[in-house]
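Structures for review follow.
Next come two complexes, and both contain chain A; in the first it sits with chain B, in the second with chain C.
Our next item is the complex of A and B:
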């Protein structure tokens, strides 16, 4: 018989060991799935790691995926810290991308690059922030559950994007495909390394991580959102303006998701289209939680997730296992990591049944 | 009568860093009410949770009716006819009494045999005068009634041995009396009861025998008839305890708080305050006595700005603070010890420093240009900890790890440090052990002597009588009468609390 006993606190040793063992077990479980494709899991894993971290190029591809994850998860952490369940980074990302694209598509190609990029970034942040402020207002004034409102706004954002792509913003020269005109060079974020796709968004991400870290740990705003997140009634009792903080936090959260969307377009895709990877908005939720809502840890977790995805594309090409297998491995690892969280809270003991 | 129904031998239980139970030998005789007495953290609840199968002893044996048993789970406890009524009820609010009783019953199949169960519940209810309708929803019941549902749950499952973990902590004096009647009836019907408490008066009232625990060890087991309250207190605390506090003569100064014909509604939309008027002067403690749910909580919330007044006025030193924001009220000199420290007053998962600065984080010297100076904050916290003698093992550990008494001391320290003009203290000692209670009460008196106006709201009549200079008795949202402490009689106040108006009668 299994018994669960509550733990008071967890030793540092366990804090490190539990996730490591969880990841290992996840890989074992994922390996079993790989066996069904009649491939040796060890070869797949080796190729996965190689595909993600072995060379400058492969690592750069890992970083390309990590950039939006870092930006979004950092923003989400601000909202999650105050117990505001922003599931809407998906939509905030899309709207940010649309706002930024507007300037990329409408400004002349002769406009100075730094000026246009600055405008686009600000527009991306503004778009995401506005989309994030809608559920904030609904919550603040009418107590609408933010999980529902942010989630539903994701669909609205997606359909706005589809409307633009099939309608006014479709490139007449795209032979009917839902694509915009490609961005001119002055609307493209500069690359950080030649022959790679790593773009300036990485620097944005690192700056965002540092700012949010300081914001949460050191400032009045950070203290207030932590109090709100932990105990709303105590916050009200302490005279903290909850409404104001919801607005600020969601503006930051949405703004960073919007910036991520804009950076993905301007740095990687170079045009507006329907598939602009808004799914990062969901992956980033997992990143934020695995990092225990610590933005610095989130940055590294994002790189690992980036590696999984980038490495996944590589094994798909190199060993010809389906890309879906990456999703399977990712889910298996997650499953065990979340299971491991229980071990942090409870001590599990085995008892022989005496009766 | 003297047959031993439960016996523990050398029960030992470790928690990380604490020896919660240290070789505990305990005996419950059939048909007795046996009290486990001890301060918070003495190990009473741990021992009972072991009997109920929630915890498992690291060492030691349990015998039921002479047979050695291994209790692995509450279900095992039930099959050994042990039933526990926890301090925090294990009931589903939105379900009916019947559904709650049915929850987890093995004898029930896929469908609940409602009519049959309802009949049985009614039988139990009648037998012990519970007065519970099986079809009421839990949220519609008062706390006392919910507790009776818990008792029905255990009786329904055939419990012979009932464990009640601080059952009166959540009850009004009246409800406690009702409970005691029920317990005596249960014992008469052959049940055996373990009663956990740290309130000496009720222990003396209800128990046959008393086992005193201190720091995880048994101090001794005594017959009630052989001991006095003082004797028990000494056993429990390990030193002499004062039951009355020294009060300096009243030096009343100007009126600080004036409440004029105040009205407000509760969450259910019912008018909870009906034209309440009273004043509190500097240097006096004004006590509000009353049975729980007569508007005390609403009153404290309206004065502190956490709830809107629909009419009437709250005036602080000639300034109208009716329906002003909580922040503005606090900064105009009103501080507040809320009734529920963990739900309102403190942030359980944040550390001691972060909890201490809740009132002062947004101004100099702790706040500098929107940044919180955590070094200053830590220094400030340490100074309060020393001044108020608060036991904080680790200043950066979550505050929920502190004992109840130390949490309340921290809360009190934080509020007093703001140098308020008016302090509102609601149930300031509820759930605290003797030592901490004494400390908190002394502090309140000390601040009164220094000229603070204190509004004390408490359901503990002894506390009201011990501390107040004047007492307002509240009943159904109205002040029945204001009585000077010199003229205060327990009986009269008790009648007023029950709504009997002495003038009109």
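Our next item is the complex of A and C:
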């Protein structure tokens, strides 16, 4: 009989070895899949690394993907710390993008750029925060399971976006296609480097990471959500206001996801449309977990995930492997990493059935 | 300090990856003969989707065959959002000199990249924006659409034809209109019903749209979407279908009456040749059957000879320039005369068409501000 025993202390050796072995096994498993396409896996992996990290250009594209992942995962960490399972970054991202777009589309092109961008960013944060507060209220007042409510709100957000794009916000000049008017220059986040798409959102991400890090480590709020996360009952006995903390945590979590959505539109896509990559809201959950809910580590994990996506497209270009291979490699690495997480927490023992 | 350790892990990982990449023998840049022209293609669906993207990929292979100095690459399944712009940029960065982006939604991303890479030639399919170094191209698919409408109009018994359509953009509205004009010409009682899938490539949705039509009495399914799924649904129900993009007979041999098909390779070869010769300029290409870019695929065995004769006669008239499906009189859905006898819809109006002709059952969603 297989037994999972909780480890009391995790040794440093294990902490280092398990993720390394996991990634290695993931690459081996992905490599087996690649072999089926009659391609040398080593060539594919080399192209992946090269496509993600080998030049200023490729690394800049990696960062472009990392920006939303950093912002969202940092926000998620706040909610996850108090065991509030926010699966709704997807929807908060969309609503943030919609709120910010409202100003991008309705303000005159002559409005000073810093002013408009400030308004848009605040609107993005507000939109995401409001969308995050709905499940917070449902949880605080009626004990509605937040996994269900945040997940379902994602679909509602997507349909609101679709309604706007097929209805009132569709650009008449788009010939019926569901696209908004393009953002004017004053509604576009400035780029950090010429000839790349890395935009100001990266700075937002770094600032968010620092603030959230301090918030969790050094403030009363951070202390309280950690206590709630570890033992809700004890927190209540200790006089911690759980309802208030749920609201604050979800406002931060949703707000950062909303900012990520707005930054993606204003920094990369430059118009509102249906395909605005809200799927980063799910990827960021994995990023937050792999970083053990530490925002600084999450920043680096986000860059690695950005590299996987950016490099993934390059593989297709450099070597003619089918599109599905990229997803297979990503999933294989992820699968083993998550499996490794279990081994880190539990010891597996084989025991004869005594009965 | 507890959290420093995972950080170390990640830094180690990065270092490992770096070493791994560094150890690999430095790739000596392959010295290509100076003449090689690198041409890239971006597809919205899988290159073997059995329709739209596959037709473009066949064009790519044709191009490779025709011009020995051309080297091609492609990326498939590219979403019409931020990733698309990245893929286009990747190709520019890898030294590709001609880039074909083959979906409507790639238009603005293509334009964005074109601004940053003035030395690269961009060609966008099915859109309406151009710039100094970005042209667009499409074909007068409405000619084969009209001919296919003739076939369907004569073959239907229930007078209910279902048209599975992607987006309500002019390209598709024009298709449905031309198809209906053909069907109505030979069968005044026919109705062409429309369902929007709001997606280019979604075989599941396409099949379920077809099944909805079939359940409501349709005996012919016309496809305007990227996969053959709708036709396969028709075949399963023992009904007929009209294919799109490429000859779809092999996917539903018992159902396909004919298909409206693209021969993109002709245009791809033309562009590559012009770029090679230094004569390329950004333009708006929109040729019809006479140029070979569009055509009607061979008829299925169930199409009687007299139907074929009628359609071939019309086809010849179009090829001779004696006939255009959008010649008046044309009534719209509400019965209003839109185009008078002896008049013809102008190219500009065809390109922006946003109204259905008489005989279409369906609505075009209203646009916003």
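A few notes on this one:
Note that the second predicted complex is superposed on the first by the 339 of 355 C-alpha atoms of A that agree within 3 Å, B and C clash if a C-alpha of one lies under 4 Å from a C-alpha of the other, contacts with A are read in each partner's own complex, and residues count from 1 in each chain.
In this text, a contact is a pair of C-beta atoms (placed from the backbone, for glycine too) under 8 Å apart; a residue touches a chain by one contact, two chains touch by 3 or more.
What you see is a predicted model; the values in this text were computed from it and never measured.
Note on chain A: of its two partners chain C and chain B, the one contacting more of its residues is C. Looking at the shared chain after the overlay, A:296 reaches chain C, while chain B stays out of its contact range. Of the two partner chains, neither chain B nor chain C is touched by A:112. The intersection of chain A residues touching chain B with those touching chain C, taken from the two complexes, is empty.
Per the touch definition, chain A reaches chain C in the complex via residues 12, 15-16, 19-20, 23, 45-46, 49-51, 53-54, 57-58, 61, 64, 166-172, 174-179, 182, 195, 197, 264, 268-271, 273, 275-277, 291-292, 294, 296-297, 300-301, 304, 310, 313-314, 316-317, 320, 323. Residues of chain A touching chain B in their complex: 1, 3, 5, 7-9, 218-223, 226-227, 230-231, 233-234, 236-239, 241, 349, 351, 353-355. For chain C in complex with chain A, the residues that touch the partner chain are 3, 5-14, 16-18, 20-21, 24, 40, 46, 73, 75-77, 79-83, 85-87, 89-91, 93-94, 104-105, 108, 112, 116, 128, 167-170, 173, 198, 352, 354, 364-369. Residues of chain B touching chain A in their complex: 15-17, 55-56, 70, 72, 304, 306, 325-327, 330-331, 336, 338, 343-350, 354, 357-359, 361-362, 367, 370-372, 374, 401.
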